[in-house]
Amino acid sequence: MNIVQVLVNSLITSAELGLIAIGLSMTFSILRFANFAHVESAVLGAYLVYLFNVTLGWNFALSILVSTLILGTVGLALHRFIFRRFANSGDITPMIASLGLAITIRHGIQAIWGPQHVVYDYEVLPGNKIFGAFITDPQIWILITAVSAMVGFHCLLQYTRIGTAMRATAANVDLAQACSIDTQKVILLVWFIGTGFAALGGILIGWDTQVDPYLGFNLVIPIFCVVLIGGVGSVYGAIIGSLIVGFAQNFGLAFNYAPLINLFGLLDLGDRFDLPAAYKPAITYMAVVLILLIRPTGIIRKEVS
Amino acid sequence: MEQLIGFGIYLVTVTCIFAMLAMSLDLQVGACGLMNFGQVVFMMVGAYATAIAANAGINPYACIVISMAVAALLGVVMSLTVKNMGGTYWGILSLSMAELIRLVFLNERWLADGANGLSVLITIPYFSLTVVVSTLFVILILRVIWLSPFGRVIRMIREGDRLPLALGKNVLLFKLETMAIGGAIGGLGGSFYALLNSYISPDDGLPIETFIIWAMVVVGGRGNLLGVVAGTVFIQILFVGSRFLTHIVDIDAGVLAPLRFVLIGLLIMGVMMFRPQGLIPERKRVYRI
Amino acid sequence: MYNGDSAAPSPGAPEPLLKVRNVSKAFGGLRALRNVSLSAARGKITGLIGPNGSGKSTLFEIIGGFQKADQGRIEFNNVEIDGLPPYKIGHLGLLRTFQLSEGGERMTVLENLLAAVSGQEEHRLVRFMLRFPRVMREEAENLEKAKDVIQLLGLRREANEYAGNLSGGQRKLLDLGRVFMSGATLCLLDEPTAGVNPTLVNTILDALKVMNLERGISMLVVEHNMRVVSEICEHVYVLDAGAVISDGPPEAVQNDEQVLEIYLGQDRTSAE
Amino acid sequence: MERLTLLRRALSGAIIALGVVGFASAAFSAAKGDPIKIGVIIGLTGPNAVAGNDGLAAMQLAVDEVNAAGGVMGRPLELIVEDNEGRPKAGVEAANKLADVDQVPVVIGGYSSAIALPVGLVLNKKKVVWVTDATTNKLKTVGPYLFNTAGIAEQAVALVDFAKADSGAKTLSGLFQNNPIGQDRAAVSEKRAKEVGVEWNHSMLYQVGAKDFRAELTKLLAAKPDAILTDIYDNDAQIIQRQLYEMGVTEMSMFYSYNLSAFATLPPKFTVGMKGLSYATSGARAASFNEKFREKFGRIYTDAWAPPFYDAVWIVATAMNLANSLDSTEIRNAMWPAAYRYNGVSGLGDKGFNRWGMQHADQNAQASFKDGKIQPYFVAGSANNILIFRYEDANGVPTADGIPLAEAPSEEELKALYSGN
């Protein structure tokens, strides 16, 4: 097994999950409900880039920029017209509303663009060879974006006034309001950044793989797992969560368990026992079960103010 | 005409089965605040238990009891992981447990023929009537539980663990009992589901089914049995009723199919926007002073 | 550091109901409690005062079993309760309230009171099913009792109102109501009059006195309002920076120099 | 010998079928009167949406042709399409609706076996003919009203034989989707590989709809098998081929696919040298089907099951004409002779059913990709690129599974077949 390739694969998987998970974790902590439509806005963003880039023939980078901004605005509109009215309805009502919204967006996309996948106007090439492992340009971009997002969100939260306001709102809305923080403004900003960033994540994943209407549907549960493993409301948690899931998925399949099991003298499995690939989705769920049983609020505990 | 009645009976049966699953979820979420995102696992495990027991030649009624027992046991096991975990955290944990169980059924061909699933070749006489009567019985039982001192305590647990703990209530035990009852009712629904379709496969336990059951509970009105039944009927009408769109609008079927879901999604969202507490919200129990 | 413990059992005095011995607790580097010892006498109201952050709430959390002490022993009614889970402590008859009344918001006042009735038995599902007639009889009795409590607390108009819709003071009253219903022998009250308007304070004080004198419920009260403390407490402990610095009857404590220092905000850099 | 007679029968069947069509179209220019409705249950949304939409398009094409050729009993044919949403529950709901409300005598559809099985059970109970292209072996047990137009998983041995003969592989690996047909294919392939003395590395079962197959592919390549059998459909095909290509696999001649048409719309460089089995590459009728499909929908189908769906509509229409009745049992009894005589576009056109209503044989063309197009492929030393899988005993004599019936089995025979149920 090419261990460098497995390592690179793990990093890419982590980055792809992390891209969307960071935004979801942030919005989750401030909006206080599980927004199932978050990942669907990623798909919508990816399709908008397809519209601009392929159908209208725009420049790829421009398409990404415009699409991200449009989705940010869509986020504001969602808040204004739908989710604002749930401010006092607890967390379950907006969650089911977001489920309805997710169904609407997903199938609206299918009605417009059809169920077949689409790809951007981009020439796929064999990856660059680094230490015997292949990594492609889109994948490098995904890594760069994920790391910049990580740093960017860190700086935003730690060194800007609005970031402080966001952290305060996430910790305690009433207290933040008492400290004359305009929580409405913070919530609007979170919708804008969160949705826009989801779109960026969706676009990059679509660039690396393909865009189809079920892109989000197949990602939504793994991404919620990542966010909760890391701990809701923590950007670092989202990063750690995505690293755990990404590495577990790739190394979980690559690992030979035979020496380990034989070591305990339980069974004699010969010299090779691999986890069947059919159980790959189970790796994420196992991680969730193990980690949440040990740390019930995720790896990064939310600081109590 | 006779066939139309047959379709009506089928719809009533399947709605009753899902009403059971929804009421079971409502006991967990609406009464006890347990955000179970893995509700469908009770149905799947119940259905598989019936299928496996039936293939072993066990009496159909005994199969139903076995299903309830197995699902209740699963509920107990799931409740042991709750501890003091926050709502959504346990939600994702329960979803993970449900998916792990589903993946075992999917991948282990020796256990239940893997993805191919199992056929259930037994029937019980007056099946639909049995389902309807069972549903009424479940409603009765849950109504009594809601009004009982037990129901009062679990509703206090819904708001948080600390107060009931301070008052000397063994919160974990209450959650365990809630999950056991919820599991048993879910298992009953699953057993009937297997008997209705004569078949069960891992695809019947996909997470999407859980979310549809959640929509039934929340759209109907959590905390109100009548509301939950109304929600089940509403969602069921959305999904089955929208099939008749093909007879009304003349659009290409490949486009109509996603549009049908757009409509379903919009209606779910609309109910939530204009009736956030559900169609028939939880009612306050008023005592005469 | 103050080491005296005037509440230590003297030969003639009755055995105190609650004994806290040398309890310490640290959160990371922060020592929230240091060797705290105190006791609450049977049938009396004991006060606990101290500035914010002095460790009062932590002490309540520990006595209630919600947190574990690093060291020390707690005895209630001659039963060692440290290390017991909270519900067992509650079941023994030691009941605490919370600084910010929490829980039971989506239940009516009456339901809250009925849910507080102690004795797990009738609340358990299986017993409920098996002994249905008996439970129903008890239910009716409890309802009568709850109506009395509501009368006493002046919550008659709000009896069928969701607890979440009550004012802060009314919720404090509801806390007391739960204590009445639960049949506790000792209750830990966390700031029963904090943020309550003055007219309600009197109602609360009356209720406290009824509880203490008529029902014989002992209390350990955290309170900031010195008027309340001196009116109801017989013995007061002063907690500062996690340690008991003084104790005695309210009048004596009020005149204690150290206590004055804390409460009047004098420079006390030399205290450590 | 056997193969020759088969071919001959297929050809004569084709001539008969074309004659019938020609006569019919001469007699009535188009069908008139109230339409005859048949049901369709297929995944138009959910995980099988691509295959479902392609299958539906193929069926619509067939319906148009049937109607142009005079329809069924002189009346036009109409499809009532129901979406199975990729959920068994929705499929069963749709089956009940079609049987009870629309009261159709025949329902066509399937694709996902997990849905085709319960739907088949419901429709059998209601005595509605269910024609499916789902391929799990378990379909045989459902009941006498079930027909299958796409062969069953047993036929996967054909690809193992092809891969072994072509590459002389000593070790084989497999990449299958993790669903009923994928699991069946994996089991059959592994068994066959061992029978013909090839070492079987492992079967990778991937999750349909996932976006990241690098872990599976890295592991697949790391074992260094001589050849890899794949069973990939729908939207997964592009991602898997792309990720292989990005991992430096620019030449795919070690990949043998059960379903080459899944890759038909991909960029040519993703499929360089890829080999496998393909349905509709033989015969004029198949070529014209492809042409018509492209003409009508502006694209080529990316799913192997589009041709069998097209055939299913034609077989049903022929059976209805033969039965000259809308009674589902009479239509069922006419299904055997209709399929026996019908010349299909899938396989070699021989669509005869065995006693269980399943395809008695699977005829595939060995094909490979050249410049992004599927071309016939000849294994070295062989003049024939057609692979026929039939159920034979050790002496080469067809077993009950391998014998196509020209007439329906008798009621008693059918009763005996399903007496276990």
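Here the chain labels run A, B, C and D in written order, and each chain numbers its own residues starting at 1.
Basically, contacts are C-beta pairs under 8 Å (C-beta built on N, C-alpha and C of every residue); 3 or more make two chains touch, one makes a residue touch a chain.
Treat the numbers as computed from the prediction; the structure is a model and nothing was measured.
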Chain nearest the overall Cα centroid: B
Greatest separation from subunit B - chain, by CA centre: C
Gap in Å, rounded to a whole number, between the CA centres of subunit B and subunit A: 29
Interchain centroid distance [CA atoms averaged], subunit A/subunit D, Å: 38
Interchain centroid distance [CA atoms averaged], subunit C/subunit D, Å: 75
Rounded Å distance between subunit A and subunit C, as computed from the means of their C-alpha atoms: 46
Residue numbers of subunit B (touch at least two other chains): 106-107, 254, 258, 260-261
Subunit C residues counted as touching two or more neighbouring chains: none
Subunit D: positions in contact with at least two other chains: 44-45, 53, 178, 205
Touching chain combinations (by label order): A-B, A-D, B-C, B-D
Sites on subunit A touched by subunit D in the complex: 1-2, 5-6, 9, 12-13, 16, 107, 110, 114-117, 119, 124-127, 129, 134, 136, 139, 205, 209-210, 212-215, 217-219, 249-250, 252-254, 274, 276-278, 280-281
In the complex with subunit D, residue positions of subunit B that touch it: 3-4, 6-7, 10-11, 14, 106-107, 109, 113-117, 119, 121, 196-199, 201-204, 206, 208-209, 239-240, 243, 246, 253-254, 257-258, 260-261
Partner subunit B, residues of subunit A touching it in the complex: 34, 36, 82, 85-86, 89, 91-97, 99-108, 110-111, 114, 213, 221, 224-225, 228, 232, 276, 278-279, 281-282, 284-286, 288-289, 292-293, 296-298
Interfacial residue positions of subunit D with respect to subunit B in the complex: 40, 44-45, 53, 56-57, 79-83, 86-90, 92-94, 96-97, 99-101, 103, 112-115, 117-118, 121-122, 125, 136, 138, 141, 178-180, 182-184, 187, 205, 421
Subunit A-touching residues of subunit D, taken from the complex the two chains share: 44-47, 49-50, 52-53, 178, 202, 204-207, 209-212, 214-216, 218-219, 222, 235, 238-239, 242-243, 245-248, 250, 265, 267, 269-270, 302
